[in-house]
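Take this structure first; my questions come after.
Should a chain be cited, it is by its letter among A, B and C, assigned in written order, with residues numbered from 1 in that chain.
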Amino acid sequence: MAMTSDTPSSSFRLSMLIYDTRYRSITIQIVFLFLITMGFWWLVDNTLVNLAEKGKDIDFSFLGARAGYDINQRLVDYSSDSIHATAWLVGLLNTIVLAVVACISATVIGVIAGVLRLSNNWIVSKLMSIYVEMFRNVPLLLWIIVFFAVLTEVTPAPNAFRGENPTASMLFGDAVAITNRGTYLPAPLFDRSLGQIDIGVAHLSSNYLVILAVIIGSIMGYRALQRRATVVQEATGLRPTTWWKSALILIAPIVVVLMAMGFHLEYATLQGFNFSGGGYIRNSYIAMWLALTFYTGAFIAENVRAGILAISSGQSEAAFALGLRPNRTMNLVILPQALRVIIPPLISQYLNITKNTSLALAVGYMDLRATLGGITLNQTGRELECMMLLMLTYLVLSLMISGAMNIYNNSVKLKER
Amino acid sequence: MKKTVFIGAMTAAATLVAGAASASVLDEVKARGELNCGVSTGVNGFSAPDSAGEWQGFDVAVCRAVAAAVLGDPKKVKFVTTTGQTRFTALSSGEIDMLARNTTWTFSRDTDLKFTFAGVNYYDGQGFMINKSMGVSSVKELDGATVCIQTGTTTELNLADYFKANNMKYEPVPIETNAEAQQQYLAGACDVYTTDASGLAATRATFADPENHILLPEIISKEPLGPLVAHGDDQWADIVRWTMNALVAAEELGITSANIEELSKGTENPEINRMLGSSDDDLGGMIGLEKTWAKQAIMAGGNYGEIFATNIGESTPIGLARGLNALWTQGGLQYAPPFR
Amino acid sequence: MSDTHSNTAAYVRDTMLPQKAPPSSQVGAVRWVRENLFSGPLNTTLTVLGVLAVYYLVANMGPWLRNSIWNANSLSECREILAGASGACWGVIKDRWHQLLFGFYPQDAYWRPVLTFVLMIVAAAPILFEQVPRKLLWFSAIFPGVAFFILWGGSVWFPVFVMMGFVVGYAAYIALQRVSGLVATIGALAVPVIWWVFLAGPIGDLFATIIPIELPHIASDEFGGFMISIIIGVTGIALSLPLGILLALGRQSDMPLVKWICVGFIEFIRGVPLITLLFTASLLLNYFLPPGTSFDIVLRVIIMVTLFAAAYMAEVVRGGFAALPRGQYEAADSLGLDYWKAQRLILLPQALKISIPGIVNTFIGLFKDTTLVVFIGILDPIGLSTAIRADSDWNGLFWELYAFIALCFFIFCYGMSRYSQYLEGKLKTDHR
């Protein structure tokens, strides 16, 4: 120790860069950085030379050019006159809508299947095993194609609803029509609409904004009521009756607002070639959603099962000893503890869903990959720029998801001292 | 553990690599002894592998003719399957020497994407197929219809333009492959299926009930389909172009795979002699090929008419009429410049 | 104490009653059914639902499977035989099974992929099963060269001399170690590279002319079907293992620069879908390499798949390292081992052993993901199904092809996942 501190800097020799542990790590890092930079530069240089040779350049101005193609499912205004950048946004929103909905449903399916697989019921546990193994061991792409084929072949065509003696009929009193093009649902309509707010790329309906605001207000009012009731209870020992007040606070405002805006449902009716009016969920979306849900659900089921099995059997024995019934044991004792084991793999499953939405082109769902990475790339011939934007977009999406989920994970983690 | 295969293959690849930038495509193909030809992953009648793994079809025949002209053997083709998305990159990167894949000759592809179209081997147009029971007789009645389209083609742009021009609405269902689109259409998931009219006819031919489906009379676009090569090697473009012309000229001059041996011994017609290399003119030498290049090309699969008849003609299940693709002498557009 | 019970009570039984059989609801099948299927309202509902689901499936699939037709040469023939009834047309599998398995590989050479597959199992056995003699590991080491030779053909000397590069590198390391450790390391890396670039080719050619041992060359564009899936999957995993270990070590490193570059690489690869990487392989890789370089699409795909798998592998191996007790690191340090010795002799063997189930799972995932190559025009099983459907004979048929492909994938992946479960069970040491 004395040696190292006493070594004067003048006696520094070159070989110390390698043999002295104080400097070695710096040497290695510099060499490493040098090699990486060289490698990276080599790639960039090659790319520039190749581009120059083909007479191409790196130019993102194509994003502002007219796209020229139509997209069926669009959450913001888009037509064939819109620009490629808007097509990119439409694709991105389609990806997000698919990923979010599939994450939620896959979690539900996965938890149910994982718990049922441990059930005492022989038939149910075997069926769940078959489900999990079937979906885990066959490629997702095949499942997507199969679900799409099933939807196309099994459900009736809109034509079947036509004529005097239709072979198919709508469900729930003419409200829902399941066809092989998609499912038609009633859509909410407002007689006295409040108009729309333009935020540049998209129009937001002020109706929904108002409804959202009212719902949030109601919930906040309800929580305030509950808090006051708790205060009263702690002060007097008696909890005031709140159920009719909370019911009123929760339900009345929204009903009043809906009536004021003239809310009613628009049913889809068969007109011309298709059903028109109402809401419409395309089969490409449903097929992707089902395939992602069941495929990822099988993986989540395995994570859930592993999480539950990881909880020491002493925990469930203790719960039984306290007289808790099996389902209460599961809900109150096992699952809360298992959650800590389940969440980290769950995060990577959510990431997988997001990335797997990129297979949507197999069934013609116009996601990010199909718009920016598909038709736009194809029509403009700008593969380098399109692929860079595409990767960047997916990367940002993934980082956002894993960031958000990690924050949640930290909040449920066992706080150890 | 597997590193050696990787490095081994890498070295093997490196030794196979010829400087694409410097050497001409012709020299490369000759050195390689094989023509790399890009085809689609499967379009009935145009390119599909049979049960023996041999590629068959109208586009495939073009590849074989070029291989025969250059290398003297129609079997010396390596078929590289490309999707709508990867085809142009494969061609511009030199991975394939030529692309014969139902590709429409357009301005931007010729200029902006920097390709040379070697001619048109099939004059096509975008058509619509619909079930008879819908009672539709014109595209103009399709307002509000659900339309199946193959993505990655000019089709979706034509469709958008046409419906916009006629102020009609439609619901596009983009599908990646012809097989999927056919399945969707047959199940009634879309009212109309639109793609090149030849593709529609080929698809309809395989239905269980082809008589119940009609092609609407309107053809909304011009789709001249032909083989293409990358910019920058005019000699190679000439070879592909004149191989195609030789096939067409052969039909016009009555040269078939049956009588070609006899005709190549010498005939009264000097043009036939020039083409088949039985006169003193060495046309092959002018484009860097053997004297009998055209003979070899024609022997690969017959003349244009024979290729058409065996792959997509009226006697095949696809049953396409010659129509625009008849020779100019019979009212069509197929016309070969003189071999002189 | 004589006043026993027998004297006070009026009647005492002095013989035991014969044991009665348990009530009928508590034995055999009935008890099992009661306990397992109908133990409560929820359970009963689930049972009924389960039975209904099974019945529904059988009722719908039954007739289709019962009317299976194997002897038909085209879909129209099938339709004629069926005469309107619903039935599976397995004739397509009979006609095209060899394409789905081997792609366009020459039919008279099918023994080559089959032999390679068998050898692959032999080569994998010593890694996967402890009972197999350790000496077989030598075969695992030379297997890549053997597989390359059998599958692609050509001269036997080419793979032999490429494999020799490793021997040369090792020899250089031993020879130079006397000079200094650093020189030896540099030598061990540089000598094989020189060998491969300058010597292996000419010497291989020389031997090929003197002692020609060769198989007919088969180009990789003739590969397809499950063969290409297995080749991409197995090569990707095998190549990504060393890369993944390096990345995992880099991620754990104390050197911030190395650590952050490794983290950046891993997170980038894990953050983008595989399909974008495949598109990069297909559309962009040629841009990144020196002008004029253009090599086989299969090789390009293997490169990208390897990078992809390496990021996942790094995370698996990192998990293995994390599971090692702290004491192992400290013990290695206290023995005075340097970093690489500690890793090589103590930490890596243990970490890798723990990681094997994870590696197998990554492999299953990668194997399934190889189906994505269909998007860049490589004819894997799904791509071939499209090509087969483009043939006039089989146009319009899909369930049979999907069912066959799904079954093949299922058998392969299920077998692997059973193995990984077996291994997890064996590695689990806590007794509960």
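What we mean here is this: contacts are C-beta pairs under 8 Å (C-beta built on N, C-alpha and C of every residue); 3 or more make two chains touch, one makes a residue touch a chain.
Here the structure is a predicted model, which means the values were calculated and not measured.
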item: Higher-contact pair (C-beta pairs counted), A-B versus B-C; value: B-C
item: Chain whose Cα centroid lies at the greatest distance from that of chain C; value: B
item: Chain centre separation in whole Å, for chain C relative to chain A (CA means); value: 28
item: Intercentroid distance (Cα basis), chain B paired with chain A, Å; value: 42
item: Geometric centre distance via CA averages, chain C-chain B, whole Å; value: 39
item: Shared-contact residues (touching 2 or more other chains) in chain A; value: 53, 149, 361, 383
item: In chain B, residues with contacts to at least two other chains; value: 21, 85, 89, 183
item: Two or more partner chains touched - positions in chain C; value: 279, 283, 286-287, 291, 375, 398
item: Partner chain B, residues of chain C touching it in the complex; value: 75-76, 79, 95-96, 99, 103-104, 107, 140-141, 143-145, 147-148, 152, 158-159, 162-163, 165-166, 196-197, 200-201, 219, 221-222, 234-235, 238-239, 241-242, 279, 282-283, 286-287, 291-297, 299, 302, 306, 375-379, 383, 386-392, 395-396, 398
item: Chain A partner contacts - residues on chain C that touch it in the complex; value: 32, 35-37, 39, 43, 46-47, 50-51, 53-54, 182, 254-258, 261, 267-268, 270-276, 279-280, 283-284, 286-291, 364, 368-369, 371-372, 374-375, 382, 398-399, 402, 405-406, 409-410, 413-414, 417, 432
item: Sites on chain A touched by chain B in the complex; value: 53-55, 68-72, 80, 149, 152-153, 157-160, 180-181, 271-274, 276, 283-284, 361-362, 364, 366, 370, 374-375, 377-379, 381, 383
item: Residues of chain A defined as touching chain C within the complex; value: 18, 25, 28-29, 32-33, 36, 43, 46-47, 49-51, 53, 116, 119-124, 127, 133-134, 136-142, 145-146, 149, 312-313, 351, 355-356, 358-359, 361, 369, 373, 383-384, 387, 390-391, 394-395, 398-399
item: In the complex with chain C, residue positions of chain B that touch it; value: 1-22, 41-45, 47-53, 78-83, 85-86, 89-90, 93-95, 177-179, 182-183, 186, 203, 205-208, 316-318
